[in-house]
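In what follows, chain A forms one complex with chain B and a second complex with chain C.
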Partner chain A sequence: MIALIIVSHCHDIAEGVCRLAGEMTQTPVPIAGVGGIVDENGQRQIGTDATAVLEAIESCWRPAGVLILVDLGSAILSAETALELLPDEQRERCLISNAPLVEGAVVAALEASLGHSLEDVNRAAEAVRNLDKVLR
Partner chain B sequence: MSQDITLAQFRRWLSLFAEQVQEQVDLLTELDAAIGDADHGANMQRGMRKVQERLQDPTATGGDIGSLFRSIAMTLISTVGGAAGPLFGAFFLRAAKDVDGTDAVSLEQLAAMFRSGLEGVQQRGKAQIEEKTMIDALQPAVEALEAAVAEGLDAAAALDRALEAARRGMLHTAELQASKGRASYLGPRSIGHQDPGATSAFYLIQSAAAALGRQAQAEES
Partner chain C sequence: MDDAKPATITVTISNPNGLHLRVGKEMVYIANRFQAQITAENLTRPSPVVDVKSILQIMQLQARTGHTIRISADGPDAHAALDALRDLLAPAGSPA
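Showing the complex of A and B:
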């Protein structure tokens, strides 16, 4: 089974998306949220930390691969930076998804729980971009 | 032939860069409030405080230029929080690759480090020149440095050329429309405002000119 990493600027969003996606599957899926940064006063701030993304990938590591879902801006740059810092053989089994964060994570968790491959899980998660929420 | 640029001068460069950014935090915030989300000043300040802390501890930053740069890169990518963290991080990570185990470099090697650093930023941010980003200050500076090296100028003169090119590039961003980052959402309304990232990148070059171009000063301090 692959693992999922949720990267957001906001700690609560990352944790919340993990919780939501985790509720959707019967088989538990390895999933970790990385969000926000901690400033010099120990306060949580909006932002992203590439070294925290790297640690999450390492702690959730699965040989089948790791799919990384991101919100926007520096979350993407931090995820890319984390991949650059990984050894080559691990980097090759990681993928940053173009999927929307919340809907993509729910679909990715379901697909991952069924044991689908990294590429297939990502394809399903990215396909969510084209789904209408309201029919008009 | 100009003298080599030493590890002590590189440490001085980073320290000056951190000081300069912190002195200009209000300006960076103001520039980012106009076209971004007003966090560039605070983000850079947080990162630079940590950089200064790291520089106080020589064991944490290593005994060669490559280790120093890697340490600074890791500090920035873990503390800045915004896009500037991974982007400045990419600059130092790439530049570090050329100088592992080295404690002094020639001006030619410095120009090559800057080129590698610029390529790191370009690759990470996927920005080209004229897109109202850090690249608009960095790329002209690197090109000016390379041209000055080819002309055989000494470090002080070459870095002054780079500084002037970075300044012109930074000021030119006010005329550009953003197509990368948060400012791109503003479309044509981003025109008329100087880019905060290009401004930070200018401070990187300005502090380099002050610390790397003048050995005597660096040794005294």
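Showing the complex of A and C:
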């Protein structure tokens, strides 16, 4: 079983995507959300934090791998930084997905719950990119 | 019954929310219990023929309440797979 990490600029988006993805599982899949930053006054702000991504990967770590789904921009940079901070043997089993965040997480959670490999789960999640939302 | 032959059922979606994400999810988990290749098509609105083992593809059916779905299965356990999907989508006693 692989784990999923959801990285968004917004805490509520990360938490919400985790909840939605969690609905898709049949067997429990480790899913952690990382969103937003906390400023010097302890207030949540929009942003991403590589250290928080790293902590999420470490807390959810599974030998089968960790798929990281990101929203955009610095979420990807933070995920990359987090991976650089991991030991080589863990980094090799982590993958940043090209899937869109919401649809990708829904598909990935279900596929992970079926026990599919990191590569297969990511392939299914990334396939979302080729589908139209509305049939015309 | 010869399970080796392809089999087909049609079901009408009775759920007031249509074929929504959670029902789609249940379809995928049921389909994955079987070896048979299982496909579906929305007969009410133009849809692709989709793989029932993929949640992404099931969502492509965009099936609303009252839409009729044709589900086909091909493989050694095709009939059992269709029975299980019919039990989910149109359980005995529900409106046709």
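As a working rule, the second predicted complex is superposed on the first by the 136 of 136 C-alpha atoms of A that agree within 3 Å, B and C clash if a C-alpha of one lies under 4 Å from a C-alpha of the other, contacts with A are read in each partner's own complex, and residues count from 1 in each chain.
One rule holds for everything that comes next: contacts are C-beta pairs under 8 Å (C-beta built on N, C-alpha and C of every residue); 3 or more make two chains touch, one makes a residue touch a chain.
Given the structure is predicted, the values throughout are model-derived calculations rather than measurements.
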Checklist entry - Sharing chain A, do chain B and chain C clash or fit in the superposition? => result fit
Next on the checklist: Quick one: is A:Asp49 in contact with chain B, with chain C, with both, or with neither? Answer first, second, both or neither.
Outcome noted: first
Next on the checklist: According to the stated criteria, A:Ser59 is in contact with first (chain B), second (chain C), both, or neither; which is it?
Outcome noted: neither
Next on the checklist: Looking at A:Val106 after the superposition, I want to know if it touches chain B, chain C, both of them or none. Which is it: first, second, both, neither?
Outcome noted: second
Checklist entry - Given the touch rule stated above, what does A:Glu80 touch, chain B (first), chain C (second), both, or neither? => result first
Next on the checklist: Quick check for you: in the superposed arrangement, does A:Leu131 touch first (chain B), second (chain C), both or neither?
Outcome noted: second
Checklist entry - Touching A:Leu114, do we find chain B (first), chain C (second), both, or neither? => result second
Checklist entry - Which of the two partners, first being chain B and second being chain C, lies in contact with A:Asn98: first, second, both, or neither? => result neither
Checklist entry - What angle, rounded to a multiple of 10°, is defined by the Cα centres of chain B, chain A and chain C, with the middle one as vertex? => result 150
Checklist entry - Which value in Å is the smallest Cα separation between chain B and chain C when the structures are fitted on chain A? => result 29
Item to check | chain A positions touched by chain B in one structure and by chain C in the second | outcome: none
Checklist entry - Across the complex, what residues on chain B touch chain A? => result 39, 43, 46, 49-50, 74, 77-83, 85-87, 89-90, 93, 124-125, 181-182
Checklist entry - For the complex, which residues does chain A have touching chain C? => result 23-24, 26, 103, 106-107, 110, 114, 124, 127-128, 131, 135
Item to check | Touching residues on chain C, where the partner in the complex is chain A | outcome: 21-22, 25, 28-29, 32, 45-47, 54-56, 60, 62
Item to check | Of all residues in chain A, those that touch chain B in their complex | outcome: 37, 39-40, 45-52, 73-74, 77-78, 80-81, 84
